[in-house]
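To keep things simple, chains are lettered A, B, C and D as they appear, and every chain counts its residues starting from 1.
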Amino acid sequence: MARKTPQQYIESLNDGRVTYWDGERIDDITTHPRFQVPLALTASDYDDGDPEVNEFRFYRDEEGNEHHRIFQIPTTKEHLVERVEMMKQTTIGTLVTGVFMALMSVKDDVAKVNPRYAHNIERIYKYARDNDLRGAEVITDPKGDRKRRANEQDDPDLYVRIVERREDGIVVRGAKLHITAASLVHELVVMPTKGMRPEEADYAVSFSIPVNTPGVSIINRSFAPAELNEFDYPASSHHSMPEGFVVFDDVFVPWDRVFLAGEVELASVLARSLGLWERTGGLVESVRNGELYIGLAQLVSEMQGKDKDPVVQSSLSELIVYQEMIRMGLDYACEHYETSQPSGMVFPNTLAVNATKYYLAANFHQTIKYLHDLAGGLVITVPMEADLRNEESGKFIRKYLYTRKDVDIEARMRVYNLIRDLTADAYGGWWFVVALQSGGGLPAQRTMMNRTFDMEKAKAAARKAAGIS
Amino acid sequence: MARKTPQQYIESLNDGRVTYWDGERIDDITTHPRFQVPLALTASDYDDGDPEVNEFRFYRDEEGNEHHRIFQIPTTKEHLVERVEMMKQTTIGTLVTGVFMALMSVKDDVAKVNPRYAHNIERIYKYARDNDLRGAEVITDPKGDRKRRANEQDDPDLYVRIVERREDGIVVRGAKLHITAASLVHELVVMPTKGMRPEEADYAVSFSIPVNTPGVSIINRSFAPAELNEFDYPASSHHSMPEGFVVFDDVFVPWDRVFLAGEVELASVLARSLGLWERTGGLVESVRNGELYIGLAQLVSEMQGKDKDPVVQSSLSELIVYQEMIRMGLDYACEHYETSQPSGMVFPNTLAVNATKYYLAANFHQTIKYLHDLAGGLVITVPMEADLRNEESGKFIRKYLYTRKDVDIEARMRVYNLIRDLTADAYGGWWFVVALQSGGGLPAQRTMMNRTFDMEKAKAAARKAAGIS
Amino acid sequence: MARKTPQQYIESLNDGRVTYWDGERIDDITTHPRFQVPLALTASDYDDGDPEVNEFRFYRDEEGNEHHRIFQIPTTKEHLVERVEMMKQTTIGTLVTGVFMALMSVKDDVAKVNPRYAHNIERIYKYARDNDLRGAEVITDPKGDRKRRANEQDDPDLYVRIVERREDGIVVRGAKLHITAASLVHELVVMPTKGMRPEEADYAVSFSIPVNTPGVSIINRSFAPAELNEFDYPASSHHSMPEGFVVFDDVFVPWDRVFLAGEVELASVLARSLGLWERTGGLVESVRNGELYIGLAQLVSEMQGKDKDPVVQSSLSELIVYQEMIRMGLDYACEHYETSQPSGMVFPNTLAVNATKYYLAANFHQTIKYLHDLAGGLVITVPMEADLRNEESGKFIRKYLYTRKDVDIEARMRVYNLIRDLTADAYGGWWFVVALQSGGGLPAQRTMMNRTFDMEKAKAAARKAAGIS
Amino acid sequence: MARKTPQQYIESLNDGRVTYWDGERIDDITTHPRFQVPLALTASDYDDGDPEVNEFRFYRDEEGNEHHRIFQIPTTKEHLVERVEMMKQTTIGTLVTGVFMALMSVKDDVAKVNPRYAHNIERIYKYARDNDLRGAEVITDPKGDRKRRANEQDDPDLYVRIVERREDGIVVRGAKLHITAASLVHELVVMPTKGMRPEEADYAVSFSIPVNTPGVSIINRSFAPAELNEFDYPASSHHSMPEGFVVFDDVFVPWDRVFLAGEVELASVLARSLGLWERTGGLVESVRNGELYIGLAQLVSEMQGKDKDPVVQSSLSELIVYQEMIRMGLDYACEHYETSQPSGMVFPNTLAVNATKYYLAANFHQTIKYLHDLAGGLVITVPMEADLRNEESGKFIRKYLYTRKDVDIEARMRVYNLIRDLTADAYGGWWFVVALQSGGGLPAQRTMMNRTFDMEKAKAAARKAAGIS
């Protein structure tokens, strides 16, 4: 059970899975043009033999076997720091696979209610780890009418539910939304979307199944158009990952893959197991992008000779403070890690992650405003590569986009294209929404943050300062 | 010289103009697929015989001839109000044609320096009006190194300039950026981008020429991909207009089409003539879109049954206050119009327009944040129409996007698509940049606003309150 | 029944009213030092014979009698504009007297339920008008536990209520908070604080009584310290008005002064009658202050020679846009006035006032930030007048606060003092809270604004744009 | 040379110093009522024998002598952390004494230019440490016209300068502004306010002198009124510290107290030595206050029974995220400390401190808005203690400020008073300005932050992402 090569990973996905895109049912995603960018992206995290990369990418388990670090159960601060470093250099299709480690973080709580579920969690974790598999975080139900609970909807299937309990397993029906990389992984790890009440027992369900299990269909959607150009789209030509609308149409799940089937008291435990790591991942991506925004703001200003302008400097400051506050919050979260007992697993500081993620989400739009202000109208009007390569029009473009001897015209165009691609085009729009919605939208993030703040301490300080005995 | 029909307008553009898109030189834009949406858009403002529309769209001049209202020289408040009403229902390809009226607004100042120029302005205005032509606002030069003036650049052509003065006219060379609808109009109305100093006399140049004049080339760019779908892109499938990178490669301009050729004292007069109207147009578009944002925020919330949620109401408030402040600022600008003498032309209140445009630009990004927060992740993950129409995947989509009996599934998908199209996709990204950059970027807009504020009055009030005699 | 002179007004307040301040029961406020500033303030709006002022301050009623314009029932746009102009030059003790006019605005609705109440409203209105009296807006109840309604509180008196109904009138008990100028007026005009339900009938009560009615006590509070200095406190030495904590300790109100006594359906009508005018008053005060902030920002920058600095200009822009948006919103509200039928009374546009007031409240703090940033540390460290007048220390102050020949040292000190007084001292702190809380706090203001927005129109526009039939 | 007791500290200030307040020259500040609060405040940091406090307050030097930790030269991360912990529990009059340690941090650089100055720095440091003295940071010059440099002002004394060089020392003239605690310390440690050019050699001056040196005068100013009440002013009745306007009227400074006298290359080294520590102090105070704001927001909401309201929770979130981001930034600054060579001194991470201080300053006003919104109008209208103690009025206050059985009336009043005192009164106004101005105003803070950001790394990342080789 060695690690897979990139090519082995790609081939392993030709397994009969049912996947749709642009209205087409795709029989083999590994050869379909639509999937080439995401496949290459996720494949790039497999072992390509680069020793320098392998250093941070893989770890050795207690028995001396080497696995991708996404599977490592952190039990020391160093593990946590190494994990975050690895995350900074890992693509989204692999990052979601952290779901197995997150499951392991609640294994002890699950064991108290039903040891068999805990056993299943451990088995599937090791199976995925040892076979170098990828798994998706399958959480968000369609939810129907938000004013009503799962069991009160007009259609009982608007939350994933158990429709039949058999001796050998359960049959589930429903759908899950926004499932990043669903078509690109091996396992769909299904969690409840929220805590459940006794009358919602059929909706308290969690399990992991292979993507090609009968009854599973995935409808894909991505910001990436069918054809991309590396010059015009420097970012999205390399980075795109479809989100899946995943349907479970009476899917049979054998008992040894079930983690929850009706014990409502565990629903919120499982629902929340992922949240902290998801938000941590949001911080990692923000730090990665934030440095780009600043570098681009500086480059685009320098290339126009206006980088010393005090108002330009002032806009740069807004980009820098945003980046630094998030970078420090992420660092703090690792530095002041928390430990869960009795497993001894460590995880990022909850309040630090929640507060920093909320800061990130609440300030993203206005921070990008400063980049847009600095960059100017060429962000949306810079000519396309095809016109640059056309000899007639290209000669004009080269002549008139000149600014100074030390500025290469194509480099200047690429800077504008990258700004547009990242912040003012389909990929940019995706980021605007993701910055807000990952981790649950602003109201949910506020709730998480407030809940983890030590309010009693603050009240005591206020009482003392007010002279209230 | 009757008004054109939509079809006559379209045919009139097959005139040999030199236009590029996607690296291709296009011989006849009227039949090229790339141009169909913008052509239909601009054509829709021509006379299609609808009497109700014609009511606000056309006006009768002093001699009783009817023309498009974009040509009307406002001399009363009613004219101004009618103009703004017309603008609200007019597409961008026509709105830019306001450039002729703007030129007329400085005719008197121009006459003082050179009556021939003023005469030319009037002639070209009447020619365009009487032939129902469209003209583009051709202003922004590439500018090269921003620290240096026009005559100090490495390449003297980085601002449009006169390279030769002949008995019958001038020869100009240079390029202009961000020229909205350049390929879709009849006349390119060129203005200096800013005031000029005596040593920049060759750069103090203004004129109007037909798009098919020899030496003119236009390289187009738009947010619209080659193929659009009305269901997936409800807005951009109908609304897109290429911006042109317009090149003047030693173009001859006869004297009777010249409005400025070296008289530097007029450069800033012409440069500024358009700004106020451009910013007014920005307000009009914002009011148009703002109502959509609010309506979409409400619809998307209602469709999920969460419109009564106090936090949802609070986000709605942010969208409403943004919309109302801009709507009122625009109204104020017309109500408290200004008049230029001796022409008697009226124009919107300068401070009102400048302050409102700055408010619009400075707050757009954070206002859209509230819409993104309300709308949720489906904005970027809702399945595409093709998957909806595919029988197999479509049945799942219909089942799981259900919320309540009174909510039509396709309507719900269209609402998500419109939010994405307007605020989180290529068109949305274009709006983010345009909100900031139209009217010149935040620093330029601040300068305009500060300059028009009555600071002496404020200082006097402060002095009095401070008890300073 | 002629108009009062300032002196007559002052004397009329020595009527036995029960008033407390600093723990002292004050028998005659007209001679007590604490009341001198507010007395002078309110007296300054009485007729001092200045014909220029009288022009906008007084109006002639249908019978040709002249009264203070605060009593004028606006029935035309001109009335409204004149009223707002008068408000701009009128002090708060007089402005609250608008309560009589507001009462008249709901007289017709009241008449439908009980003609006697309507009759009483008209009688008290004329009585106050003809005797040149002032009245306070007595609205906000203590409210106790906000989760419970009026009749559910531990102490039934936490909202003002009727404790006895007698043949000749009612007896009321309770308290009202934040009653501006309560001790400085003649009449306390009591309104319900909100709509009431049937079980809250005893709390649906409205009436007007003289301040010296037995059982009424007022506990005063103000930001103004006991002694003020005009140089050190240029604003608050002239402008302060105590807020009253007004207690009704089994106060008898004769029937002819009662406007509501149990008819719950009228409670919200009366409760809301004042809101719009209160918020309009907030806009007027903001416009008055806003001009000062800008003038001070400019003066303090000029006096240090840094007014041309681009970052200074950028901060000025934020002050200007805040001021202009509010000024335009107020103007729009008058321009697009509304009319109530059948009375024919006109009032400011509701949505305009609500949206502008919300903008004012939500952005006040951050706008003042820009003034604080421009002004620098001297705002809080500039020496006091006493030290300036001391010969030894004064000579140092004069020497070292010098900046340029054209800047007077004392003028410079006054500018810092006025900035501090208005934005960074007790009066300034009062403004921070008032900006937010007048008109009901941000959540209440959002509710008012959302309620008055035409949501159906916005939804229709969104539906059309989304292609939803 | 033992440590001083609080009483010994107080007595040591009766040394003939020349101090003014309210126009009065005060001969002995130790008995003057104006100085009682600041004296008690600073005295409270002296050794009062509490072993628990002494633990973090004092440290043992290399020779085993115990001193106040403000003098400790941090050379390890633990020192830094202990220092920050001590700072959190230390008053401002002691914190400014950090100036001696800051001086020591540049001793090595100073030695390179003039070893005698370095020797003086070490001597004065040890002298202050061993005698348990306090010293003020004396930096900001009046600066006159900001457009001109020190030597170009109309009056050459507008920056402190050397007017005479004698064999035994120098004579200086000028003034310094905003000198916190100047009258309450023993030594005035004077630094240049900025870098100086060769022609400004007389302005490149630094030294330390006792406050009672002939020619020194201090004009005091504070937000604290002459009389304070602990109930009405829970914070400022205990916390106020005058800022001094310090005049040097031809003051003689012997050579052994001089750290700089003309060597312009050292001016900016000394000018900047303090900045980082000043900004670190700003973070410490913000964290201290921030917890109070949150605790008060929660208490005031609970006491009204509205703490579960979602909009209240949303405002709380804004207070929490502000607090947490600053707290984490401060922690990061210690965790990722920097070291200066060859001294081995450690200091907080520069970028972390600069970015966090800028975040603090730029967001303070709008964060307080949320507290004001939560707290409501009673913040400014709650009756005063005297009225509460008056039996007649007090009984009404107790009755009507009741909310729930578990809420004590006086506690509730104290909560309102503390909110007002900290954010909406003279002390609160002082904080608004201090939050912005400490560390130099927003533009200066932006400059510091941008300068310390690793822009080359960001540019390289942007170039790589853009595909620029």
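The criterion applied here is as follows: a residue touches a chain if its C-beta (ideal position, glycine included) is under 8 Å from a C-beta of that chain, and two chains touch if they have at least 3 such contacts.
Each chain and its UniProt protein: A, B, C, D = Aromatic ring hydroxylase.
Bear in mind the structure is a predicted one, so any value in this text is a computation, not a measurement.
Enquirer: What are the mutual neighbours of chain A and chain B in this structure?
Expert: Per touch definition, common to chain A and chain B: C, D.
Enquirer: Treating chain B as absent, figure out whether the rest stays one piece or breaks into groups, and list them.
Expert: one piece
Enquirer: Let me check something: if the centre of a chain is the mean of its CA atoms, which chain is farthest from chain A?
Expert: The most distant chain relative to chain A turns out to be C.
Enquirer: Are the interface residues of chain B and chain C largely the same numbers on each copy, more than half shared, or largely different?
Expert: Same-residue interface.
Enquirer: Go ahead and note the Å separation of the Cα centroids belonging to chain B and chain D.
Expert: Averaging C-alpha atoms per chain gives centres 52 Å apart.
Enquirer: How many angstrom between the C-alpha centroids of chain D and chain A?
Expert: Spacing between the chain centres: roughly 43 Å.
Enquirer: Please compute the C-alpha centroid of chain C, do the same for chain D, then give the distance between them in whole Å.
Expert: 38
Enquirer: Can you list the chain A residues in contact with two or more other chains?
Expert: 310-311, 314, 362, 443
Enquirer: Chain A touches which residues of chain D in the complex?
Expert: Per the stated touch rule, the residues are 230-231, 234-235, 291-292, 294-296, 298-299, 310, 313-314, 316-317, 320-321, 324-325, 328-329, 331-332, 335-336, 351-352, 355-356, 358-359, 362, 408, 410-411, 414-415, 417-418, 443, 446-447, 449-450, 453, 455, 457-463, 465-468.
Enquirer: Could you pull out which chain C residues touch chain D in their complex?
Expert: Interface residues on chain C, with respect to chain D: 20-25, 140, 142-148, 154-155, 157-158, 174-175, 177-178, 217, 219, 221, 223, 225, 243, 245, 247, 249, 304-306, 311, 362, 364-366, 368-369, 372-373, 375-387, 389-390, 392-393, 396-397, 399-405, 420, 423-426, 428-430, 432-434, 436-437, 441-443.
Enquirer: Within the complex, which stretch of chain A touches chain C?
Expert: Result: residues 309-311, 314 of chain A touch chain C.
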